[in-house]
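A, B, C and D are the chain letters, set down in written order, and residue numbers restart from 1 in every chain.
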Amino acid sequence: MDFFTFLIQTLNSVQYGLLLFLVAAGLTLIFGIMGVINLAHGSFYMIGAYLAYGLAPIVTGMFGGGFITTMLFGLVVSILLGYFLEWAFYSYLYQRDHLQQVLMTYGLILVFEEVRSILVGDDVHGVQMPDWLSGSIQLNDVMTYPTYRVFISGMCLLLAVGMYIVLTRTKLGMMIRAGSVNREMTQSLGINIQFLYRVVFASGVAIAAFAGMVAAPVSSVYPGMGQGILIICFVVVVIGGIGSIKGAFVAALLIGFVDTFGKVFLPQIAGVLVYILMAVILLWKPSGLFKAGS
Amino acid sequence: MKLIKVSLLATNIILALSLGAAQAQNAPKLKVGMMLPYSGTFASLGNAIDNGFQLYVKEQGGKIGGREITYVRVDDESEPSKATDNINKLIKRDNVDVVIGTVHSGVAMAMAKVAKESGTLLIIPNAGADIITGPMCAKNIFRSSFSNSQPGYAMGEVAAKKGLKNAMTITWKYAAGDESVKGFKESFEKGGGKVTKELNLPFPNVEFQALLTEIAAAKPDVVYSFFAGAGAVKFVKDYAAAGLNKTIPLYGAGFLTDGTLDAQGDSAKGMLTSLHYADGLNTKRDNAFRLAYAKEFKLQPDVYAVQGYDAAQMLAIGLNATAGDVSKKDDFAKAVTAATIDSPRGPFKLSKAHNPIQDFYLREVQGKENKSIGIASKALADPGRGCNM
Amino acid sequence: MMTTHNQDIVLRGTNLTRRWGGLVAVNGVNIELLKGQIHAVIGTNGAGKSTLINLLSGEIELSDGRVELLGKDVTNSAQHERARLGLGKSYQRNTIFNELTVFENCRLSAQANYQQPWKFWQDGTSCKLSTEQAMFVIQKTGLEHIMHRPSGVISHGQKRQLEVAMCLATNPQVLLLDEPLAGMGADETDRMLSFLMEIRKDHAILLVEHDMDAIFKVADVITVMVNGSVIAHGTAAEVKENKDVKVAYLGEEA
Amino acid sequence: MKKYPVIFLGCLLLSFAAIPLFGGDYGIDWMTKTIIFGIFALSLELLVGRTGLVCFGQAAFFGIGAYATVIFSTDVAQPLVAFLLPISVLLAALYALFVGALSLRTKGVYFIMVTLAFAQMAYYVIHDTPIGGGTDGIYLYVKPNLPGNISLNSSLNFYLFTVFILFSVLGLLGLITRSRFGRALLGIKLNEQRMKATGYNTYFYKLAAFVISGAIAGLAGFLFAVKDGYVNPELLSWHQSGAVLIMIILGGLGHLRGALIGAFAYNLLEEFFRSEAIFGVFTKHWHLGLGIAIILCVALLPKGLIGLPSLWQNKLVGKTAETPDDNDQVSSSGSGH
């Protein structure tokens, strides 16, 4: 494995890790703060991808296209969706115990899959990359790296830094972190917990949908795509420590590397590596690497 | 108080009665169970087969062997785990006379097992799993398409003849992919070549990026691949996006470019593939078929439409020989194996194991068509190892 | 100081220490429990009383020091092993089986001594040994009248009594009671104290409590803890006079 | 309060007898499948309902039982139940021992996730490596014979055999939940800390329950493999673990018959939503109906279908103190946080 292949595989790992982080970040916040295990979080990733596919023609019709405008449009739609879902469904889940939350959100996955199948059908679709991003960078005579994947990593990193700033520098961020450590205390301090939940949930949905949108041209859009990434994201959340954003970030990158390099060196057991990693970490630190709120 | 218990018992009895009742009368119409992928990555293949089948029935005036057709359609979603349930429902609950299906080899194997046990007539319009015409062969099971190793075998011969030395293969990790690659390896290594590495990824995963990087690093003389449907579209486009089509020729089974060229655009230009059908064969039979298909469905037919069409032909031959009575399996089988199927791909006969013996064309992608530029291998029969009818 | 003759020492903790990172919750405490003696441990909130009792019961691991139960070194044995050797514990917060009846709570606790999990064909509730022990304990704690009611619906005082009854059901040599009087009314407290006095003769009791006059009424020996270490030890009278205690408790200038 | 279980067993026997007479082929097939899932649900009931351990990876033991049956029968001319059944149960129990020993060191949500992870591990081993024959699954060509070589080929024989297995498992679990071991498990579910303080080695008890439940799930896997003669990796997928969890919740936690009622109700629901007669072209989207039904059941029936009679009773007669019926009274909301 010469230097360039190693460089490319590292870039692949970082890109996959960052993508996982976006979906896992929402999951860990929602679980950490609202105490809700949301199995349906993978479906938001799928909804994001289908938004990128579905909105592209509409947006090109109205505003004359532009990849970025479609993304922004999709982001707004997913925030509204998140806001509505929290009000209509998730607010009933807070008092329920984990077992009932697991089952009700499992039912929600089935509903999302079928509504998508009714609206958009079950075929596999490609999503057009914008032209200015569809080339590839020439590393050496043979090796190239698609610029779009660099774009994905860039956008994901941008969002991660944005979240870091919001969480550590703003009042809202402080409320969120307090909520994830001790929900009752935050409530008793007079913080409008209802508003906080809605903001956290809506942004969790939006970030996961964004990840779906930005990844759609690479992963293409197919039925059931949300469920594969859901399991991996749970692994990320649990390894990182529930309710900890830093944990989710470190764990997502860790899994990005283990999975990508696993496929290269040990293709036979690549699928199993991630779970071995999780089992080992959990047995060494039964409640994840970092404390909630970090 | 005991309401829930009594209602549970009641629903049980009603369910049992209704299932029993549905079984009673046996309509004179021929019940055809179409178990094809109407969703997922093979959706376009399922629809093409269905169209081809219906085209032949329409040409016979809506009747086969003197019996009108009613269809019972089931979407198998290319999911092997649901195959047994779906075909059980078709055979035991809907009591179909014949089952047509399917595309995915894993699903087809499960169907063949149930059909072999229940004796129901099964015509497979695509799935090329070798064991269906091997250990699992049966009097009542026929195939109108190919066996997975045939296209691979043909391309292996072509690559060896061109003096290419080392090759890499890439495909989905399931029956069709493995057997196609095995066929290519067998003939390529017999011709003096060497398969350096076999890359694969789980079905229907389309994340080719890591594997394309490996191909770029290893720089083989040629890459052989087996993909179909939407997976084939994405693979060919990613292969071109990685700039590999300029330096390393991409060979494949015909499914890589059949029915997918308009989606692939010019990223498939000049690709060599082998298949038992091609565009521009320019035979009277083929032109008539293409004209009728284009008129009926407003799109160009592909190999899957041909296979659906031939499945209907085989059914007609058998039914005419048994005067429309599906239960006479021996006469049905004798008639179909004896007949020469007048197929748009060219006339062919069935081997002892009920698999077509046919020519494989070498095709090159020119514009939006897979032009035939010669015969890759003549009258290639499926070995049918382990089949004792 | 009371004359301590060795064979009466049922439970001994030497140099018991527990550190949470920088904070030292319990700092080198030595403590001895004698059969037939009520040993009270008092101290302000956060003095380390609960931590001490959890160290003795095995719920929390020791950072340093040794615990000896009936002459056997149990420093490294888990809580359930110490319980089987005769160490019963009751908790500050009610840890009872709310959904089960009062009787079944006691029977299940009594069953701890005759577990025989492999005998799956025998009905647990009709196991003679555990039912007899449960009945004995229920009569001793005067809970017969509510025996068949689910313990979730009985009064708080009764729940505290049930907690102690369940402790007794395993007929331990040593009883670690963590604030059994918490939230009890006046007459309930008296009944509990007279009960403790009665069972004192065949058990060694460690009592962690805040209720000062209750302590001084029943305790034979008192240990006073502040910030994780012992500042005074002795009979009720001695401790009352001890000036360190006064400073710690009443904040009077010496 | 003993009358609910007796009525239930009566109804069960009646419906089992009715199916072969009226059901026809498909009816027998359907009932056999439902009973097999009933046994699978019973195995999880012992863990979730009785010990409060929410295991989200039960499908791994089910799948291992099924795969063991097929793998160990390929090289034998006439496979025997007497050999295959113990092998599949043993292998499932061994994996349960391995998973239990490790995962029982974690608590609450982490336990749910660790069991899910171990199940996914088994899924990928079978999905990707040659042991399981890859994604298309493997085939049992010859169905095993019962001792006294009664063939299981005829669906009626196999149906009766499955009913026999169901009643023996029901009997065994009935004994276990009643025994001292079962009472201790109940104690652990209600308040593990108290059990530790009184002298129970709760880790051992939970591990024993985990292994027994894994073994019974392996038994259900064996039956499933023999029924269709075809096994594939999806048997171990997390959807399967999710489905069986839904069954026991639907039926009502804490009662053995709850698992059976849940399995029946889930399969009836699935059959109902998939029947063309009612939904016609819309049947393709039967998951939608099922998803909504699950959400409604969990939302409206916290105690499951078993809670229905007492729910109506409370509405009609007014709230009575929750007098538990003695042998397995537990409220489902008591599961560990």
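Methods note: contacts are C-beta pairs under 8 Å (C-beta built on N, C-alpha and C of every residue); 3 or more make two chains touch, one makes a residue touch a chain.
Owing to the predicted nature of the structure, the values given are computational and were not obtained by experimental measurement.
A.B. asks: By that same contact rule, can you tell me which chains touch subunit C and subunit D alike?
C.D. replies: Touching subunit C as well as subunit D, we find no chain at all.
A.B. asks: What's the farthest chain from subunit B if centres are computed as the mean of the Cα atoms?
C.D. replies: C
A.B. asks: Find me the chain with the mean Cα position closest to the mean of all the protein Cα atoms on display.
C.D. replies: Per-chain C-alpha centroids ranked by distance to the global centroid put D first.
A.B. asks: Report, in whole Å, the distance between the mean C-alpha point of subunit A and the mean C-alpha point of subunit C.
C.D. replies: Those two chain centres are 50 Å apart.
A.B. asks: Taking each chain's centre as its mean C-alpha position, how far apart are subunit A and subunit B in Å?
C.D. replies: 37
A.B. asks: Could you put a whole-Å number on the gap between the CA centroids of subunit A and subunit D?
C.D. replies: That pair's centroid distance is 33 Å.
A.B. asks: Which residues does subunit C have that touch at least 2 chains other than itself?
C.D. replies: Not one residue in subunit C touches at least two other chains.
A.B. asks: Hey, what residues on subunit A touch two or more of the other chains?
C.D. replies: Only 117, 271 qualify.
A.B. asks: If I count partner chains per residue in subunit D, which residues reach a count of at least 2?
C.D. replies: Expected reply: 127-128, 284.
A.B. asks: Chain contact graph: line, ring, star, complete or other?
C.D. replies: Looks like something else, not a line, ring, star or complete graph.
A.B. asks: Which pairs of chains touch each other?
C.D. replies: A-B, A-D, B-D, C-D
A.B. asks: Can you list the subunit A residues touching subunit B in their complex?
C.D. replies: 1-2, 4-5, 8-9, 12, 117, 121-126, 134, 136, 142-144, 146, 149, 218-220, 222-223, 260, 263-264, 267, 271
A.B. asks: Within their complex, state which residues of subunit B touch subunit D.
C.D. replies: For subunit B paired with subunit D, touching residues are 1-6, 8-9, 11-13, 15-17, 19-20, 23, 39, 75, 79-81, 83-84, 88-89, 92-93, 105-106, 109-110, 113, 129, 173-175, 178, 202-203.
A.B. asks: Using the touch rule from the top, collect the residues of subunit D that touch subunit C in their complex.
C.D. replies: Touching subunit C from subunit D are residues 172, 175-176, 178-184, 186-187, 190-191, 193-194, 196-202, 205, 208, 321-324, 326-327, 329-331, 334.
A.B. asks: Hey, which residues of subunit B end up touching subunit A in the complex?
C.D. replies: Residues of subunit B touching subunit A: 38-41, 43-44, 77, 200, 202, 204, 206-207, 209-210, 213-214, 216-217, 219, 229-231, 233-234, 237, 241-243, 247, 263.
A.B. asks: Mind pulling up the subunit D residues that touch subunit B in the complex?
C.D. replies: 7-8, 10-11, 14-15, 18-19, 22-27, 29-30, 127-128, 134-137, 139, 228-230, 232-235, 237, 261, 264-265, 268, 271, 284, 305, 308-309, 312-313
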